[in-house]
Amino acid sequence: MALLQINNMSHRFGGLCALNNFGVTLEPGDFMGLIGPNGAGKTTVFNLVSGFYQPSDGEILYKGKTLAGLKPHKVTSLGIARTFQNIRLWKDMSVLDNIRIAQHHNLGYSLLDSFMRTKRYINCEKQIKKNSIDILEALDLIKYADDLPDNLPYGIQRRVEIARALSLKPDLLMLDEPAAGLSSADVQDLITLIKWIHKEFNITIWMIEHQMVVVMSLCSIIKVIDFGATIAQGTPEQIQKNPEVIKAYLGDEAI
Amino acid sequence: MKKNSVPILLTALLALLTGLAYFEIIDLYIQSVIMFIGINIILASSLNIVNGYMGEFSCGHAAFMAVGAYTASIINVALFTNDKVFGPAVLSSELALYCFPFVLIISGLVAAVAGLMIAIPSFKTRGDYLAIITIAANFIVTSTIINISSIGGARGFMGMKKIVFAMEDVVDLPWMLVWVCLSTFTCIWIIRRFVSSTYGKGIIAINNDEIAAEMMGVNTNRMKLVAFMLSSGLAGVAGALFAHILGYINPGSFGILKSTECLVMVYLGGMGSLSGSVIAAIVFTLLIEGLRFIIPAIDSGLHMIAVLPDSYHLSQVWKWVIIPLVLVLLMQFKPEGIMGNRELSDIFPRLKKFYKFK
Amino acid sequence: MTASIIQNIFNALQWGSFYSLIALGYTLVYGVLLLINFAHGDIFMVGAYISFFVATFLLGGYAFGPPFGLPGWMVLGLTIPLTMILTSVVGVTLERVAYRPLRRKGANRLYVVITALMCGIILENGNLAILGASRKSYPELVDKVVYTFGSITVTNLKIGVILSSILVFAILQFIITKTKIGMAMRAISYDKFAVPLMGIPIDTIIVFTFVLGSSLAGFAGILFALSYPVLDPFMGALIGWKAFIAAVVGGIGDIRGAFLGGFLLGFVEIGVVAFFPSTYRDLIAFTILLIILCIKPTGLFGVAKTTKV
């Protein structure tokens, strides 16, 4: 069974059709890229899957079940985690707390436990802290655990955001332009990191990215959209040769 | 030792205050000042949950105080005293003492339910629009009370002094002082534990970035519900205590002005700082009470150096000119409040050696 | 029956005019600074008092004033501009002394709001402390003329209030949409950072906004004092809060919204009083406003801000 299957999904903002008849299938373990020019509707796809918008048409099936009508936190708790184009870490909290709160959907204790500091509360908090430290150690971020996100270099903030998404223990990780704004050295590190995450955590990754070096070296399948419509899908080699794709990116004259 | 230092200190403080009051070393006026400090601490720290930690702007805190005050007063007067409206006492007045904590809890719960009035709109509304809803809620609660004549309407409601006397008849202690202290400690404890748990930190995540919070699995609607209800519930407890200290309440005491006082204490202390709220509540109460004595002193001083004409005397009205003026100046010099969003132990890290407060 | 309805419509329009004029001041400042200027209701009160002193002065009520009293119409003609100027001086002073330093320091927006609240309390109680608790009764500047149409009676004052508030709104609408400084005001509400880069001095615009808003409040103060000639220091508090709510219901930041919101509140209040005991006025009026805000959270004219993810 496909991990994520989207059929005929459309989304309109008022009169503007941001996404038209979008369909995709992700099998467990896939690494798919989603590319397209600015304003093509890539982030809209992610927003629809994560429940921030509800599609005007079509259906989204995750592990065979529909996501229609679910609030974002519910979708997240089913195992779909994401990062954001412009980093959205919680700025008043340390890196460790950022990771801890991402386990909010699965705390295991109630409000009263937190007032009473019951055994259950203490055990659960211990477990949450351990999970968080494990993630930070795995991503080599442990030395920043007590820092505020704003004080960290941009590349590290990106990493923290990926760590936060991973701490949700997702089956599907959606990365929205993880390499945006990074220096070329940082980009190389990021490629290594994502490759390692894909293998180590054995998860499915779906990535929006503009930098071709990242897309080409990571993705096994690439989907190209423009003006809300799918224009191509295939392996990196196929996409590079596809005339439609070249047209979308460079214009008619390029051919 | 480090683990228990705070409970020991607080128990000692409670015993000391009770003892001083019992042997009449501190008079009734000082006792009432201490009690108002306690109530203001509850009000400020509970409002801080919503306005500080969650970053909303609720300006109707007094509404929930009113709900709690009226609930507790009505329950107590109806159950334990002979009243014209509510008929003869249902229970023996000796039980008032043992029932008082439960009455406090019930009035907190009722106030928490009243908090739904702003919690539910907050799912869709944020910021200034929510601020309006809270102001409107404040007006709605006070004018509802005005229109219920069986609880006195605009004239107010009384009879709570009898409950206080009934409690003192059972065991001769300054009971209101004890209840205020216990409630204040419990309130701070609850809030501290709430905001330091991963669960409660969800509201800080909402403050920083609500969308990210929702997408990272925080059920933002439920967290808002919890925050608003906890905040208004504690305000209800403060109201219940307030009603029994004064022995008389009327809707006018829970208007926008009271809400403004709560706001001032929160922002004076610092948004998202519990120790800030406590300090601000103490400073604010002492300032109000202190001016009672300072104004006549200034008045006679100014007459002595003949700045003021003989016909004019500085009245207590000047209190409400001086207090806001002081606060405006304070905010000019410390635009993030006394503590910012830090706690006492962040400013004085050495304190951490002596206590662990969780 | 129809007569009483029409009578009530006039009353609603009159109260709506007061609310609208004050709401416009709230909304102007909010549109430019995103600041809820909670002192605005008290600026309205200050405006009423200033007009009282100016009018009494011109009527020859003070020893140091002109020895002869001017006729009523001339006094009114002078009182209106003088009051508007003096009230706007008060408003701009508040901005300069209390709000601007905080803004410069980059304080949280809510600290400015609290400062505004405090300034309002200072104005109220300062007035009470200096002038005393005795209420001032406003001199009669306009001879009351009562027009009777069948069983409907309308005073010239009521008609004057309604017409002048509509006129003021029309002028304001012109300033906002057609003049350069008005356009700059609207531009700031969209992008606070780009406007200075375009060579528009932001402080000038903020001062201009406060001048406009406060002089409107002063004008409302005169109209109110003419209609209800008893002044007290707390007269601005409740009206101010209500006008603010009206501004938000209209959609704060949009002057059409504030204007209509004010009239809406006027109609709701008079409507409630027509059917229920008058103690229910606030309760029902606020409940209706709350329901409107719950259904349309950004007000009637407000546009929901979309967040980009």
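A, B and C label the chains in the order they appear, each numbered from 1.
In this section, a contact is a pair of C-beta atoms (placed from the backbone, for glycine too) under 8 Å apart; a residue touches a chain by one contact, two chains touch by 3 or more.
Worth saying up front: this structure is predicted, and the values here are computed from it rather than measured.
Interchain contacts join each chain to each other chain, per the touch definition above.
More inter-chain C-beta contacts link the pair B-C than the other of A-C and B-C. Centre-to-centre separation of chain A and chain B, using mean CA positions: 44 Å.
A straight line joining the Cα centres of chain A and chain C is 50 Å long. Distance between chain B and chain C, defined via averaged C-alpha coordinates, is recorded as 33 Å. In chain B, the residues touching two or more other chains are 211, 215. Among all residues of chain C, those that touch two or more other chains are 309.
Shared interface positions of chain A, defined as residues touching 2 or more other chains, are 52, 84.
By the touch rule above, chain B contacts chain C in their complex via residues 51, 57, 121, 124-125, 128-129, 131-133, 135-137, 139-140, 143-144, 146-147, 154, 211, 215, 256, 260, 263-264, 267, 271, 314-315, 317-318, 320-321, 324-325, 327-328, 331-332, 335-337. Interface residues of chain C, counted against chain B in their complex, comprise 30, 34, 36, 98, 101-102, 105-108, 110-111, 113-115, 117-119, 121-122, 124-126, 128-129, 237, 241, 244-245, 248, 252, 279-280, 282-283, 286-287, 289-290, 293-294, 297-299, 307, 309.
Chain B meets chain A in the complex at residues 190, 193-194, 197-202, 204-205, 207-209, 211-221, 226, 272, 341, 358. Considering their complex, residues 50, 52, 71-73, 76-77, 81-82, 84, 88-93, 97, 100-107, 109, 111, 114-115, 117, 121, 125, 128, 164-165, 168 of chain A touch chain B.
Interface residues of chain A, counted against chain C in their complex, comprise 43, 47, 52, 84-85.
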